[in-house]
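These notes open a run of structures that come right after.
Presented sequentially are two complexes of chain A, the first with chain B as partner and the second with chain C.
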Partner chain A sequence: MTLTLTVNSASPPLGALLTAEHVKSTVNVAIDQGKETSLKVADSVSFNDVNSIVRYLARLSPSHVLYGTNLLEQAEIDHWLEFSSRHLSGQLGSALQELNSALSLRTFLVGNSISLADFCVWSSLKVNSTWQKYFSEGQAPCHIKRWFSFLSNHEVFKSVGGKWTCASV
Partner chain B sequence: MAEAALKELASLEKYLGLKKTNKYSTKGERKVPVLQTKDGQDIVGLVTIACHLVKAAKQEQLLGRTREESAVVQQWLEYRIVQLGAPGAKEESRSTLRDLNEYLEDKVYFGGDFLSLADILMYYGLHSCMVDLTVQDREKFVNVSRWFSHIQQLPNVQQHLPRVHIMKNRIYTNVH
Partner chain C sequence: SKPLAGTADLDTLLGKNYGALRDIVINANPSHPPLSLLVLHCLLRKRFHVLSTVHVHSSVSNVPPHLLACFEEQDKNQSRHDFQLGFTLIWKDVPTPQMKFSIQNMCPIEGEGNIARFLFALLGQQQDPITATLVDSWIDMAIFQLGQGSSKEKVAVLRTINAALGRSPWLVGANRSLADIVTCCVVLQAAGPVAIPANVQKWMKSCENLPEFNGVYKLLQ
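Right after this comes the complex of A and B.
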């Protein structure tokens, strides 16, 4: 089974690309460039929203445990997916404070390993100009900064981040 | 102390997946651990033995992958022996925790972003200290607590030590 992920190269859905990259050993995803982001799963079914795409990919590959290990973790991940698409675009406001406090006692956002929550929150920050300004000027809150740099140093994040954000500039 | 060091080495062997257990003894007043190797040579000292075990298990990446990384790992292994192993270390534990808390603010592991032997030995070394802390103090040394809870849940690290409960959410929001 091959799925096709069409990527809007003007604003690449980094979260979806990261998820596709993480599950590639079990799920075959072909990546295509186009005008709009969508994941075609059947002739009549496709998803346009990044959160729907990442959830679908994670569910297809339960062995990678990207969607939590229990119901509570799943709910937490849902919270962060929502948070990343609602509060981390444009002006950041109090969202950074909330995120910083959540990360003070956690290495990863949910549970003890990497999950969709990390992908989507990282991606929203990565393309956010306010965050880029804070980060480069050293004003970023310490816990987010540590978590963000830790993920950014991962091979997969490096390759996805490098490839797609350079292309869009 | 001596027993703790031997237990620690036995746990490390299990973590590394070494099948056959080695023969240990101790020597001197400080009860320094000694490993008797098959060819009759003795390896002396906690960190020296630990590094030897890592190599025996062919997990050299735990000693650092580049020259800079190995230097950092060695630095913390020495810190473990000198700072945490010294007599009176218990009394100074709060100032030790304060220093470590500052150091770990921007790091996930002692080496930065890779797991090393330093994390495992520091975990064993700090365990008794963390057990004694109050909930409020665990939050005060928030970076140490986060690092500690991350290390103790890694597969096969915990071994002989009881789990230390560390909250995932903050309750004392006014402390940093």
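Right after this comes the complex of A and C.
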């Protein structure tokens, strides 16, 4: 079965693209460019927002454990999905402090491996101009900087980040 | 003493080494009671032995009596270890509901929708990926666009809900799901001056008739 993820290339849904790239060994997702982001999953069902798309892909591929290993981790991931879509766009305000302290003792945001939380929070920061400025001027909070750089050097992040964001910077 | 029915389920769902009584602590603002969490509290009490308590944080004053008494009376002679879950609601001046679980390395969970997802998951229902994701997307739509959107957004969302309810009696699938619980609670609180379309009205009546909604309607009166 091949799913088709249609992406709006003017504002690429990086979290969805990272998730699709990460699960590609078990879920075949073709990427298509269009006007609106959407993942068609059945005749009458499409998901149009990033959080729904990543949840669905993670559930389709449980072997990649992107949605946590138990209910507590799952709840933390839900928390960060909402956080990334609501608090990491535009002005960052106190969100960075909150994120920095959450990362102070962690390599990944939730549990001991990569999850949807890392994909979505990284993606929101990656396209945020305030964050880009902090990062390039060396003003980024230290734990986020360490985590962001660590992820950016991962193969999946390099390929998706390189392919989809060079035009916007 | 022999283990209570349901204990094994919680162990499987949450992982084993988290202590005898699992404590859920929820901070919520009395000016915006998280109705869906009260519905879920009611469902949890059908399934588990829940020790429920209400407290008031010093950041708020004059919490109305019906909010202080939002949990039904329970047997005070039972000791803490007779319970499987602790459910503590603290009325506090917070911008959005927060949940803390009795585990140190877990971050606080913010947002009524996310807490609702967690509480519902404790009931242990299995869903296929499409159904589970449809439920999640209704919850997001209800909380963000209906709960916090402009009147224009609210009208648009109510129209979408109305169309879905024209095709089936519940939002997702043949039975009441978490999508119905959260969405109905948000409509009850957020619709305000916006007119409620016919299918939505009918569906709200069906929700109202569910026993787990009793407490919510009492709170709204």
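The working rule: the second predicted complex is superposed on the first by the 166 of 169 C-alpha atoms of A that agree within 3 Å, B and C clash if a C-alpha of one lies under 4 Å from a C-alpha of the other, contacts with A are read in each partner's own complex, and residues count from 1 in each chain.
Criterion: contacts are C-beta pairs under 8 Å (C-beta built on N, C-alpha and C of every residue); 3 or more make two chains touch, one makes a residue touch a chain.
Since the model is a prediction, treat every value here as computed from it, not as a measurement.
J.: Using the superposition on chain A described above, determine whether A:R59 touches chain B (first), chain C (second), both, or neither.
T.: second
J.: If we overlay the two complexes on their shared chain A, which of chain B and chain C does A:A102 touch? Say first, second, both or neither.
T.: After superposition on chain A, A:A102 lies in contact with both partners, chain B and chain C.
J.: I'd like to know which partner A:N8 touches here: chain B for first, chain C for second, both or neither.
T.: A:N8 sits against neither chain B nor chain C.
J.: When the two structures are overlaid on chain A, which partner does A:N51 contact: first (chain B), second (chain C), both, or neither?
T.: A:N51 sits against chain C, while chain B stays out of touch.
J.: Scan A:R146 for contacts with chain B and chain C and give back first, second, both or neither.
T.: After superposition on chain A, A:R146 lies in contact with chain B alone.
J.: Please indicate which partner A:F83 is in contact with in the superposed arrangement: first for chain B, second for chain C, both, or neither.
T.: In the superposed model, A:F83 contacts chain C only, not chain B.
J.: So, A:L71: does it touch chain B (first), chain C (second), both, or neither?
T.: A:L71 sits against chain C, while chain B stays out of touch.
J.: For A:A42, using the defined touch cut-off, is the partner it touches chain B, chain C, both, or neither? Pick first, second, both or neither.
T.: second
J.: Look at the residues of chain A and decide whether chain B or chain C touches more of them.
T.: C
J.: Touching chain B in one complex and chain C in the other: list those residues of chain A.
T.: 102, 105
J.: State the interface residues of chain A toward chain C in the complex, per the touch definition above.
T.: For this pair, the touching residues of chain A are 41-42, 45, 47, 49, 51-52, 55-56, 59-60, 70-72, 74-76, 78-79, 82-83, 86, 102, 105.
J.: What residues on chain A touch chain B, complex-wise?
T.: Against chain B, chain A makes touches at 101-102, 104-107, 112, 142, 145-146, 149-150, 153.
J.: Sort out for me which residues of chain C touch chain A in the complex.
T.: So the residues of chain C touching chain A come out as 13-15, 99, 101, 103, 105-111, 113-115, 117-118, 121-122, 129-130, 132-134, 136-137, 140, 144.
J.: Show which residues of chain B lie in contact with chain A when the two form their complex.
T.: 105-108, 113, 139, 142, 145-147, 149-150, 153, 166-170, 173
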